[in-house]
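Structure first, commentary second.
Per-chain numbering from 1; labels A, B, C and D assigned in written order.
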Amino acid sequence: MKVAVIGYGYWGPNLVRNFSWLDGVEVKYVCDLDSDRLGKVRNLFPNVSVTTTDYSEILNDESIDAVAVATPVNTHFQLSKLALEAGKHVLIEKPMTDNVADARKLVALASKVNRILMVDHTFLYTGAVIKMKELAESGQIGEIYYFDSVRVNLGLFQNDVNVIWDLAPHDLSIMSYIIDKKPIGVSAVGVSHVKDSLENIAYITVFYEDTTFAHFHINWLSPIKVRQILIGGSQKMIVYNDMENTEKIKVYDSGVEATPGNKDELYNTLIQYRTGDMYAPKLDQTEALKTECSHFLDCIRNGKQPISNGEFGLEVVKMLEAAQKSMEQQGIKIQLER
Amino acid sequence: MKVAVIGYGYWGPNLVRNFSWLDGVEVKYVCDLDSDRLGKVRNLFPNVSVTTTDYSEILNDESIDAVAVATPVNTHFQLSKLALEAGKHVLIEKPMTDNVADARKLVALASKVNRILMVDHTFLYTGAVIKMKELAESGQIGEIYYFDSVRVNLGLFQNDVNVIWDLAPHDLSIMSYIIDKKPIGVSAVGVSHVKDSLENIAYITVFYEDTTFAHFHINWLSPIKVRQILIGGSQKMIVYNDMENTEKIKVYDSGVEATPGNKDELYNTLIQYRTGDMYAPKLDQTEALKTECSHFLDCIRNGKQPISNGEFGLEVVKMLEAAQKSMEQQGIKIQLER
Amino acid sequence: MKVAVIGYGYWGPNLVRNFSWLDGVEVKYVCDLDSDRLGKVRNLFPNVSVTTTDYSEILNDESIDAVAVATPVNTHFQLSKLALEAGKHVLIEKPMTDNVADARKLVALASKVNRILMVDHTFLYTGAVIKMKELAESGQIGEIYYFDSVRVNLGLFQNDVNVIWDLAPHDLSIMSYIIDKKPIGVSAVGVSHVKDSLENIAYITVFYEDTTFAHFHINWLSPIKVRQILIGGSQKMIVYNDMENTEKIKVYDSGVEATPGNKDELYNTLIQYRTGDMYAPKLDQTEALKTECSHFLDCIRNGKQPISNGEFGLEVVKMLEAAQKSMEQQGIKIQLER
Amino acid sequence: MKVAVIGYGYWGPNLVRNFSWLDGVEVKYVCDLDSDRLGKVRNLFPNVSVTTTDYSEILNDESIDAVAVATPVNTHFQLSKLALEAGKHVLIEKPMTDNVADARKLVALASKVNRILMVDHTFLYTGAVIKMKELAESGQIGEIYYFDSVRVNLGLFQNDVNVIWDLAPHDLSIMSYIIDKKPIGVSAVGVSHVKDSLENIAYITVFYEDTTFAHFHINWLSPIKVRQILIGGSQKMIVYNDMENTEKIKVYDSGVEATPGNKDELYNTLIQYRTGDMYAPKLDQTEALKTECSHFLDCIRNGKQPISNGEFGLEVVKMLEAAQKSMEQQGIKIQLER
């Protein structure tokens, strides 16, 4: 199988490296508009046959099975559309597109041309998230009450997208994967503190039809780096601290039980707390992107739908777009279309 | 000086103990409707002259200078009103009242009868908050961009108030003290996960006229205990981690500077990060309630206004009431009256 | 049952409080040479019948079943001896005595007069140590390879004993309890950094007949407080971090297996690492001293031997005395008599 | 300037990479007995001219100015000797040699042939150690009372050297650099818990003429990874936690002062504790090996002595050899020859 990597900025080298490691795959092309970067490709990956600034060269090469698009988000739609139309399978860097309409078009197109469309939500393929999904699916954590995510640090101001479009795709994708229900609404507030700059801090709330809800703090201007998710379930609770070297996932056998009682009784009598053992399961240490590239190839070879397929990526874009709209309207709740 | 403590539940014993320690003060009365509790008072504090279930006894005792009201919040207004009318100085447990109208009436009454009205926002008197106030006032942290607070743990379900009225007074009072500006609006979302119970998780956002804003996560149903405030300033940033035994306050000499530049330049070129030393100042270890009781007496003796006076307490109640309204309307922004 | 507490310094109040809480026990006497302290007893514990500076009053009171000796260590022997001779059961604050010969005499005397002799090694009765003992006894951790303890902080310089006699009794008692074998030798090094003062930092090594060994770092002059024990076993390993609020005990399913192999093979091929889940068991939260006082009374009532009986306390004193000797001889290994 | 790297195992690639980055240097040769590894060199570093299994080729190439020896320790002496005799400057991987006699010979030889001899004690060139050296030299921490080091983890069993020779060179070199005095003696205890294997856990004590002393815990069989050094000084104390991402160095303005007093006074009255602010200085983030390679070249060019020159490396080997001897004699103190 032959693949091409489009865009050799921050993420591209990781894609080339991981695809190169896999059996039965050749990274034939790397394409970037910046020829200096292409020089780096030739130094670091002598196994890549062609480096080019001309995307059509790849589209016209029938030997190419798949392209990985790792360019700025506002080019995702056009580049992916051309690739699908040329009959290539496509892996798009997250977020899938910068608007819902384009994302819908890509999903429809991929279906029409019968090609795999996958979005590179890398976190889904980490040992930590795989373990949380397992715990959620097995029923061990019970009904999920809330999902609280904090992703903050200093030093990643982007000029092309705000903090929501930059950081929230990670956590929204993890939430979508873990919580097996469709959200119905989104609200968000955010502010820019740097003149002429986009929002650098934001808070997003995601609502479901029932009392499940999710909340996200994303911030480019924090003195400390925090990457933590709390999942409160009716049976167990999870803390996912991505800054821990080991013990990223801790599962608490703790909870609350409401005993139906006489409302006139003294306060605090109806709620029973349960605290028990905590355990930190061993996690798969495979590099997430390797697992993901391998999954992409497996889906192509065997006609399977990827975990983070076009529909999945579309759901994330829906929430991002709704969050953006809400933020522009001071936090009013935006309904998600179904 | 003679004081009476009304309500001997969770907090009352701390008030009796701290007032008893101070020079020139006698805790003459402890009043509670539960006579078993009054028995405990007599065992533990033989120095308290009278224990009574009859509040009027205290109101009628002209030797009593001040009363401390530590009863359930829905009784604060009535008990404080009677005390002020009887010419006593009043210290009310937080939150001051369960609605803005009552809080306003108490402020007006205290002014009319010329008595000290103080609200027991104990955190303001901790070494940590005193230090943060100092740092903010000295201009060292610059303009405050955001205030982010998390106060979550397992095991404090209340039946009479929801998580907002229970936990947020702490953090809203700290915010009010540190940020020397009046907020203009509040929004909140929250959910109850336990049947027939009040909201156990909520998020509050507080807006100012400029881009400063504040956010609060409060949660009775968390697997871990977190009590952390991040303050992002234009010059320095603060992390206040109340779960740390030492080093509760860390001051980071970090920040971001926007260099006015050509918008067409490549991304990331206009923003300069600054990271420098961190330091953790030594904090005063005095018990906060002791400092606070002492401050209350000092204000009475010298006719000074307390830091957490009636007006201060009223501001907190305004935010709580607005948060409650917003939560009931799915998070719409509620303007604060000025 | 009636008990007397001798010595009302740092620890005495805890003994009075805990004995007072237990059913069927009366703390009849508190004895201290300092009459100011006795005044405090009367204020805080009105239930104590007699406060006295005269120890013989207690010895002569036939209604007294037991005495708890919480005086400076150099008085333990004499006071305990008198109590045993007067037919009282005795609980001695740790360390049991300041030399092995005296400890032996007390053990022999207790046996002769058929009274319970118990040493107040409080840590043995904490939920954390009880859990570690359980894990060790059940065979889950396998053979214990090493026991590494660090107990350091700033601010506890004593003038009457050095850091070994002050801090090491805690960790030596935990080691003795967990490792079910008799040590054969001890070495120690230590230094005083404050003029005319006793040693403020020391390291102790305890040897066993096989390759099990234990090591202790004790230090009054550390910038940070550390109280951590690592236990390396052939099956599992334990980290006991007493500074953690929750999760004091973590059990790691990790280890090393040596595969007998050809010595000529390349290095690193014979050792297999095993890393698995970690779990933090729920611990009993009862105050250790309460559990201990209750155990003391139970042993008296039912003629059982306490976990930390005289023989146990003697073993600790043997190691302390050997450590002291070794330290005075620059760390040579001192054999423990059996 | 032209250099050759000898040995392309774990560390060699880092040397090649760092020397390649520096201006005015060419890595002309990489030498290893394993031709597979040489293949990797050619893939990863196409800029390296020659890969060879024949060391004499390098010795005979007069264009080569310096060699970096990164082979197993038992070959260090022979390879370095040949290089010095051939007129090359030499950088040897730590520890310098596996015995003191050989180390002495290399020092003498380098002096005789007037070539730079440097030992690759990489930690000395980290931002953290550079900062500690600065603090020590400036007098800010006062007299150094003790140096306590813990370096433990799971998963690095070596078959050719024991844990002392493997891990202790790091910490002994840091100690030697920070404490500007010559140690006079060493003791050590250690044990092997894996059959037919070398010692996997050891404790080393280093003595000075005065009361300064240092202690090291090194362990291949720990459930958790700890890399922490405490330095207690008369003025300030340092905690160096290498596992921290930021804040690796914390400086505590804490200490103890002994007030000469009447020995008969009550205990605890003569010692005054001082606790103040803590600060975590910003550290240089440059890769240590880059700083070190650059320093090596600077010394060659300008005829300066490296910080970690032959004499420095010899001191470390003296302590290692003494620790080994002490361990074989159950911990007796071994004098260091001066």
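We adopt the following convention: a residue touches a chain if its C-beta (ideal position, glycine included) is under 8 Å from a C-beta of that chain, and two chains touch if they have at least 3 such contacts.
The shown structure was predicted, so the numbers you read here are calculated from the model rather than taken from an experiment.
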Result of counting contacting C-beta pairs for B-D and C-D, higher pair: C-D
Fitted rotation between chain A and its twin chain B in degrees, CA, nearest 5: 180
Separation of mean Cα positions, chain D and chain C [Å, integer]: 39
Whole-Å separation of chain centres (CA-atom averages), chain B against chain D: 52
In chain B, residues with contacts to at least two other chains: 224, 246, 275, 278
Complex interface listing, chain D residues touching chain C: 145-146, 148, 150, 152, 154-155, 157-160, 187, 189, 191-197, 200-201, 203, 205, 207, 211, 213, 215, 217, 219, 221-224, 230, 232, 234, 237-239, 250, 252, 254, 256, 258, 260, 263, 267-268, 270-271, 273, 275, 278, 330-333
Residue numbers on chain B that touch chain D, as the complex places them: 246-247, 253, 275-282
Residue ranges of chain C in contact with chain B within the complex: 43, 46, 224-225, 243, 245-246
